[in-house]
Every structure is written in structure tokens, then in C-alpha cells.
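What follows is a group of structures, each given as C-alpha cells.
Next come two complexes, and both contain subunit A; in the first it sits with subunit B, in the second with subunit C.
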Partner chain A sequence: MSFRNTLRAMPTLLKVGFAEAVAYRAEMFIWVLSTTMPLVNMVLWMAVARDAPVGRFGQEDFVGYFLATFAVRQLTSSWAAWLINWEVRQGTLSMRLLRPISPLWAYAAENVAGFPMRLIVAVPVMVLSVVLVGSRAVPQHAWQWAFFVVAVLGGWAISFLANVAIGALSFFWGSSQKVMEVWLVLYFVCSGYMYPVELLPPALRTLIDWLPFRYQIGLPVEVMTGAHGWREVLWLLGAQWAWVAVMGTLAVFVWKQGVRRFAAFGG
Partner chain B sequence: MVRRYLRLLGIQLKASGLLAVQYRADFFTEGLTSLFWTFTALAPLFVVYGERPVVEGWSFGEALLVVGWFTLLQGILEGAINPSLTGVVEHIRKGTLDFVLLKPADAQFLVSTQRFLPWRAFNVLTGLGLFVYAFSRLGRWPSVPGLLSSVLLLGTSTLLLYSLWILTVSAAFYVVRVDNLTYLFTSIFDFARWPSSVFKGVAKGALTLVFTYVIPLALMTTFPAEAMLGRLPLHALAGAVVGAVVFAWLARRVWLHSIGHYTSASS
Partner chain C sequence: MISVRGLRKHYKVHKRPPGLKAALRSLVHRSYTTVKAVDGISFDIRPGERVGFLGPNGAGKTTTLKVLSGLLHPSDGEVTVDGHVPRLREEAFLKKIMLVMGQKQQLLWDLPPAETFELNRAIYDVPAIQYKQTLDELVALLDIGDLITKPTRQLSLGERMKCELAAALIHRPRVLFLDEPTIGLDVSMQATMRTFIKEYNEKYGATLILTSHYMDDVAALCPRVIVIDKGLLSYDGSLDALVQRVRPEKRVVLRLAEEVDAARLAPLGKVVTHEAGTAVLQVRQEAVNATISRALAGLPVTDLTVENAPLEEVMSELFAENKARREAAAEDASRESVTA
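Presenting the complex of A and B:
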């Protein structure tokens, strides 16, 4: 299971993943349509800001914010926890374990390979946002775009690694879907998915700055809409990648402990 | 005729009930997750009403009633409607709907009652709890006629929800791969979280029209909440009842039409 083997297998894994994403495009489309939560909240906040702006947010800023949230959610989401739960229960994980490459890389490749298809959804949404809000809906400078890419990658990494860590709990408990639901609720409430986190009271904001959730969605969206100067962004990106490191360690640890307990059924 | 169907319903309920009793612990896990999910509905409300005392003519306590109705209907949806109808999609995909069609009872009745998940209905309790909390915030209690009409509207809301589901499932006869139609449906239902007047400002009120007449979400949560507050005009109440009956009749016609298109999956 050397690193070189993994690297050699990557292009093929990505190709397979991409082919799968293309084959199940209709399902993905429905899946995309079903993430309407940012739009639901956008409408609510627009009504709130109709007469006077909320904080620094006018109606248009909310449109920009929530359309960016919609796009970022498409790019940073992961569903590895459900997949792992399913494969552990069905025993099909044994097939993956036989291959000379860690299943974690395979899950990651599958996720990453879906990116191009997801961009097809995310890009038009951002174009729409520019049409509705004007050019301030997207970054004005090249460095902001660069930071945005880093922030999206970091956001995706946190989602994916958290998914693996929670999914691997199914080795111990049989099913960890409820844990994933709890995580999802915290993620919805704390990530800036339903409202910009800066509208929260200061005490809560400090707490949220220390939690991983806002780095999954809030940070990329804020970079996209140009909410911070570069010094601040750099600081936040540091915090984000610190969380990536923590989650990575946790995911690998839980997975390694758990996979020893795995016993496949059937024949 | 009616007695026969009531007896059938009793049998189906008993079967589901027995299954549910086997998984008693689910009562607690479902309850906990239900409370947790309610948090996602409440969090934006707290943030919004932290900024404004009144949004589009709805105070915090009043908007809480709408969330309460949303939660209650979600309980009905997940406990009584979703489980059966996801079963239908499975039947259509595998071609096992044959066995249902062969039975000497109405097919729509049989598929709609095939499975109930009582523990999932925990949301109904959460919704009732929200009502009590909302009215204690408002500092008054609903009038008797208001309460009676809201109970009547509970019936129409359930009927509407069920008819919408039948329409969605009818689509499964034409497009077979619709596993995640459930998610699509619940995410459209998400728009019923807020009082429908919130949508007034979007697209010159077109969205309000859509959610009142095309996808009658406003009828499901906003109307009952207004009835509880005693401010739903009588003609709206009558309109809701007539509308729900017409909608159900329409759904029935569509179901009968699409079942004519069913072709078994086997050779």
C-alpha cells in the first residue's frame, strides 16, 4: 500500500468516478434541486431587509450571500459517511479492502471526480448572482480568487474527513447515521448556511470561530463575496486548515481502529 | 364497503405497530433527533427576530406557530405518508406492484397504508410543544372557533400533503429511477417553514401565488396558524377545504391514469 501505488492508481480512480458521476447525472440533478435550504432562507432574509439593511446586509447582499452559499454547498459536500455505513452493513467493504490501496483514497477520488459535474451547477448560479447583484457578488482581485479556491478545498476537506470519521464509527456501533444527523444539524446551524454568522451575538460568534462548521461554508462564501481583507482571510484560512489537520488525524485514527473490527458477511 | 376498508386499515396499522414495538429504542433516538432537527427550524427564527420585532406582519410568537405546524406536518409526512410511498417507488422499480394490483382492493388504498413508522411521528409531539410555547409567548390562548377551524385545517393539510405525494409517485411510473424524489419533495416542503407573506416581496408576489394555488404550501402551515390566531377569514377557510378536496380528486385522476401506464418489470 505504498504511496507510489496510490499515486499511480489515482488517474484511473478519478476517471471511474467521473464516469459514474456522468452516468448518474439525473440523480445528481435531483439532489442539487433538493438543496433548496439557502433559497428558503434567502427569501426570509430578503423580507427582513426590505425596509432597512440588517448589519451590512441589504436585500441584494443577501441574494449574493445565499446564492454563493448554494454554489459552495455543491462544491464542498460529501456523502462518504452514508456510503461507509452502507458498505459496512452490506459487507461490500471487503471488496475495497482487498485492493492494494486504502479505501479512504478511493472514497476521496470518487468525491473529487464529481467536481466537474458540480461546477456545471455552481457556475450558472454564480453567473445569475452577478446578473442580479452586479460584479460585487464575485471577487474583484486575483488573490481573492486564489484564496477562494483554497477555502473551497479546505471546506471540502473538512466535510469529507468528518464524513469518514463519523462513517467509521459504524465499525463500532453498527450504524452511525444518527451521529451524522446530529453533525448535520450542527452544521446547518453553525456554518453560515442559514444566516451569515456575523449576524449572531458576539458570544456565539466566538464559539463558532472555534468550531469547524463555519470553515466548511461560511468562510468560502465570505471570501467569495469579499467580506474580509486579505490579512483577515489569511488568518481564517490558517484556522480552516488547522481544522483540516485535526479532522484528518481523527478520521485516520478512527478508521484504523475500526477497520480491524470489520467482519464481512455472505459469500 | 367502508367497513371492509376500515378493517383492512386496522390490519395494516397492526402490522406496522407490531414492527415498531420490536424497535422500541427507536422511540428515544427518533425523539432526540426530532428535537435536534427542530433546532434547525428555530435557529434562523431566533436570529431574524433578534434583528426585528415584526417581519411582514408576523411577530416571533406568531411565526413560531407556523414552525409548529411545519414540524407537526413533518411528523405526519415521515410517520404515515413517506414510508408507504417510498415503498411504491420500490414496487414499481422491481415490478412487484403486480402483487398489489392483483389483490381485491383498491390499489391506491393498499399502497398508501402498507407501512407506518409510529416513532417517526415524534415530530407531532414536538409541534404540539411548540404551540404551547408560542401561545405562552403571546400571552393568550386560542379561541374555541379558532381551535376548531385549525383542527379542520389539519385534515385538509394532511389531505393536501398526501395528494402531493400521490402526484409525485405517479411520476415514478414514467421515470423509474426516482429514489431521491423523497428528498426533492421534503426540500420543496421546506418552503412551508415561514409564513407565506414572507414570499410577497419576491418576483412581485408570483411566489406567493405559486405557493397558494400551484403547490399549496401556504394552505398547509400558514392558514392553520392564522386560524389558531383567529384571524383567518371565513372565505379562506372555505377555500382551503374546497381546494384540498379538488386537489385530492385531481391527484386520484392522475394516479388512475398513470397506473394504466404500468408495465411489469419482469420478462
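Presenting the complex of A and C:
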């Protein structure tokens, strides 16, 4: 489908996607409960910082960091890999491929359409963070808010495109769910989800800067909590969007090669 | 409208015997076999034609439909549908076709069908006036007015299939591939679907290819049939001619006022069934008139009809013929290789 026609269809795709997200509201709230690991980490790191700060992080800073992590995770998650795996294995992808719009746009719209439901969780957490930590828990200036939005979009785009690239491996291997699980382990370790990446030794920190995971969650959290000046943020956003481009190229390449091998099993 | 030349679709399939030993062996050594789902078939279909694709399970019918609709890339051969190469999946091509699969659905499971219709309107870029007109028509013809606002998961199979068909036709496809569209439906729902499909074909001049295991679907909808068996085309022509070729004998059905002895029926023809006041005789076509005269003269006949053999029987016989031919060819080939 041409880009113009895709854009024209997008509001309806989003509207229907939102209706589906509402239909699955119970499932979504259960998923939210399964993402409470940052709250556990918050308690742990507060205990560690009880007597003295860890790096620049005192107890309050850890509260702000992990509440931000919890909120950002709601806004940057994607589940396209599981969906693609399921649809390739069951052959139900056929119904998407018959339509004159790339299934990738449809998957993206379904993910984005869930945002309002996720905001219902993320916004109160951000408000709670302001109550507990003060106004520094959220961006202080308009430019910081703008960068935060860009960072969240970039984080979501990397997550989504990585999901597509990994999900599309199921065209070749029958299933790629284990690869997604490996990706998730690396994500938890390297993204700043379990701890602020700045607490890592310099050599590891450098390695993490060159990997995509930090840009999925750590960077939006850092921008939200005002960890960087605008010059540094710009530099980091550049690196993030370079990863978006790399992941986008990889995802489209693997998808296109994979669709050629689609066996459309069943029926 | 549709041109298929030397179409082949071969799959490489991992094969292993059952059991733990075989499972462990497959960890280090996997053996593969090539399945020839479609093995070099050619045919043409004119605009507006209704064609039935027949064949036993695993014959290659659905694979062919999937290639024609662009879902599968052929291993070899040339396929065009209304001037498009399906595997390229161009936007213009996808807007002209639709594949309806009785065992797969496009309706959004937790939302009412009306949401899927609206989604398809947007995706197929259907103008608002045409959308309303088409939807009104579909709702009236399929009698789904009450259904389209209920969540899909709460509809019965038949109701869902009617809505599925409506969703497939929102953009008025010019080529319609129907793969077992009446599977699992009751007799009256099957009849409704057939009537509707025929009306759509006649009204919009849409080209239609149907696969179905229900021979009544094929008999009611398809003047022409293409028979595929083991990936090879074994017949392409009219349904009547197929019946004449495979089973030229007619069935004379006699309803009898009283029970008659089997010995009185035997001289009239081959007795196919004889029970509860009804006898079915199989007779050569040229002997039908004589048989009828003798039956009327000598038996207490209250009603009499002359029919073709049931299509199911015709198809079984055709597939059995094909199988015997394949086995004979394989035997010849092995004998030749031994001689050489």
C-alpha cells in the first residue's frame, strides 16, 4: 500500500486497535502487574543506599529512577514478536498478507493503539513520583518534555522493530520465541531496567552505549529524570535514532526475506 | 483473467519416524524429503467464470489457490491474475482479489464484525458511498443485520461465515478464491451461501474459483471443474462431461407401492440399493428407455426418476483410476530400470 494510503487508513487502524485494547483490558492490566520488577528493584536499591548514596543516587533518586522506569516500560513495550510467531506457525498471517497494507503497519498500529490504556497506568505513577521525589522526578523544561517524547518514541521504535526482526526469524526456523527470550534477558541486564547503567564500571558502560538496549528504556528514563544537559541528550538521541534506523533496516530485510518462505500452513 | 503455466510448488519437509531414538538422532542428523504439492499444472480461466477445483485431501488445491492469491511463491512456472504476478503482491492486485478460507478468519475475534468491515473500508480505500451501498446490500442478502454488532466470538459458525463473506466482499473483489467456504455449515446455511455466491458472481461479473468437499457446492456453482490429484491436473472441462466420462451409466430410482423380490429387479440392471420401497438401478445410458418401459410394465412403480451417479462416487472412481494409473506407471518405470 502506498505511504499516502497507509496514512489515510491509519486513524481507522488505530481506532480499531484501541477497541481491541479495551476488549483485552483485563489481560492488559495483568500484564502491567507482571512489569512491576522496577518497584522491587526500587526497594532493594533504597536499602543499599540507606547509609550512603550509590554514585549520585540517594534513596530519593532511586525512587524517582525506578518509578520512571516503570512508567517508561509501559510506553515502550512491544509484543509483536509473539504475535508474529503465533501467526506464522498457525498460518493466520495469511489473512493479513491478503490485505493491501503491510502487516508491519498493522502490528505497529495495534501496539500504538494500546498507548492510551498504558497511560492510565503510567500517568498516575509519574504523579506519584512527583509527590514522593518532587518536581525533579519529571522534566523541568519544555525542551526536556519534547526530548522525553522523542526518546520514548525512539525507545518504542527499537523495541517494536527488534520484535519484528526476531519474530520474522520464525519464517526460517519455525519458531523464534527462544531468541526473543534471550533478547529480553539482555534487555533486562543492559537497558537500565534493573539498575541505572551509570553505576556499571566504565568498560561495561562503554559496551552498553554501543548496544541498543539502553536506548529502549535507560535513555528515556534519564531524560525524564534530568540526568543530562541538552547537548548530551541530543547526542544520545542521535545514537538512539541511529539504532532505530539500523533496526528498521534489519526488520524490513528479515521480514521481506521471510515472507518469501511463508508456507501458509493450515487450511 | 487467470493464466497458469507449468506451476510447481515443492516443499522441503523434515521427516523422522516416531520414538525417542529417532528424536535424539534428529538432533544431529535431519533427513528431509521434498513434497510436490503442485507439480506442473497449466490452465486458463476467463473473466466471470465459476470454476470448481476438485481433488482428494493433499491434492494441491489449496496450495494452488494460495499461489494465485500471492500468499505462496511458486517453485517454478508462470502465474498471472488479471495481468498481475501474484507473488509480487502489488497493491492494485490485492485490491482486486480475495481469498476466503473456511478454516481461517479475518474477523476480529473480540469485536463485532462491523469493526472489521470498517477496517477493510479504510484499508481498501473504499469510497464512503460505495461502502454504504455494498454493506447495505450484503447485510440484506446475507441477512446479517442483527449480527454485525455482536462480538464475533459470540456468533455461531454459520453466522460467522456469513459475516466473513461480507467482510471479504466489502471492496467488491473481481477475483474471488473460495477455499471450503461451507465447511461445517448445516444444509440450509450451505444453500444460502451458494445462492449468495452465485448472485455475487452474476451481479459483478467476478471470476470465482471454489474448492469444496461438498459436491453439492460444486454442482450448484461451477459449470467447469478442474481436477487435481497428487499435484497433477487430471481433468479440465465441464462437470457433465466429467460425469459422462467417468460414470456414463444412469441411475433409475424406482419408488414401489409394495415390496418386490430382488430377483424381479435384477434383469432390469445392476441393483445399487434396494430397501424400504425404493430400488436404485444402474443402467447403461442407451438402455434407460427400455429399462423404464419394462419397470413400468412389470413392477408396482409409483414414482420414477433418472439421475446421474452421485458426484462423490464419480470423484472416488476418478481418483481410484488416477491412482491405478500412477501405480502402473511406477511399476513400468521400475521394470524398465531393472531391464536396463
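Here is the rule we go by: the second predicted complex is superposed on the first by the 267 of 267 C-alpha atoms of A that agree within 3 Å, B and C clash if a C-alpha of one lies under 4 Å from a C-alpha of the other, contacts with A are read in each partner's own complex, and residues count from 1 in each chain.
Definition applied: a contact is a pair of C-beta atoms (placed from the backbone, for glycine too) under 8 Å apart; a residue touches a chain by one contact, two chains touch by 3 or more.
These numbers were taken from a predicted model, which means no experiment stands behind them.
Chemist: Examine A:182 and indicate which partner it touches, taking first as subunit B and second as subunit C; both and neither are also allowed.
Modeler: first
Chemist: Is A:34 in contact with subunit B, with subunit C, with both, or with neither (first, second, both, neither)?
Modeler: first
Chemist: By the touch definition at the top of the document, which applies to A:232: first (subunit B), second (subunit C), both, or neither?
Modeler: Neither: A:232 stays clear of subunit B and subunit C.
Chemist: Considering only touches as defined above, state whether A:9 meets subunit B (first), subunit C (second), both or neither.
Modeler: After superposing on A, A:9 lies in contact with subunit C but is clear of subunit B.
Chemist: Thinking of the overlay built on chain A, is A:199 touched by subunit B (first), by subunit C (second), by both, or by neither?
Modeler: Only subunit B is touched by A:199; subunit C is not.
Chemist: Applying the document's definition of touch, where does A:47 land relative to subunit B and subunit C: first, second, both, or neither?
Modeler: So A:47 only meets subunit B here.
Chemist: Which holds for A:94: it touches subunit B only (first), subunit C only (second), both, or neither?
Modeler: Only subunit C is touched by A:94; subunit B is not.
Chemist: Please write out, lowest number first, the residues of subunit A touched by both subunit B and subunit C across the two complexes.
Modeler: none
Chemist: Which of the residues in subunit A come into contact with subunit B in the complex?
Modeler: 26-27, 30-31, 33-37, 40-41, 43-48, 50, 54-55, 178, 181-182, 185, 188-189, 194-195, 199-201
Chemist: Quick one: which bits of subunit B touch subunit A in the complex? Just the residue numbers, please.
Modeler: Within the complex, subunit B contacts subunit A at residues 29, 33, 36-37, 39-40, 43-44, 47-48, 50-52, 55-56, 175, 177-181, 183-184, 186-188, 190-191, 193-194, 198-202, 207.
Chemist: Going by the contact rule set out above, which residues of subunit C touch subunit A in the complex?
Modeler: Going through subunit C, the ones touching subunit A are 11, 62, 66, 69-73, 89, 91, 94-95, 97-99, 101-106, 108, 110-111, 115, 118-125, 151, 179-180.
Chemist: Residue numbers of subunit A touching subunit C in their complex, please.
Modeler: For subunit A paired with subunit C, touching residues are 1-2, 5, 8-9, 11-13, 16, 19-20, 23-24, 91-92, 94-95, 97-101, 260, 262-264, 266-267.
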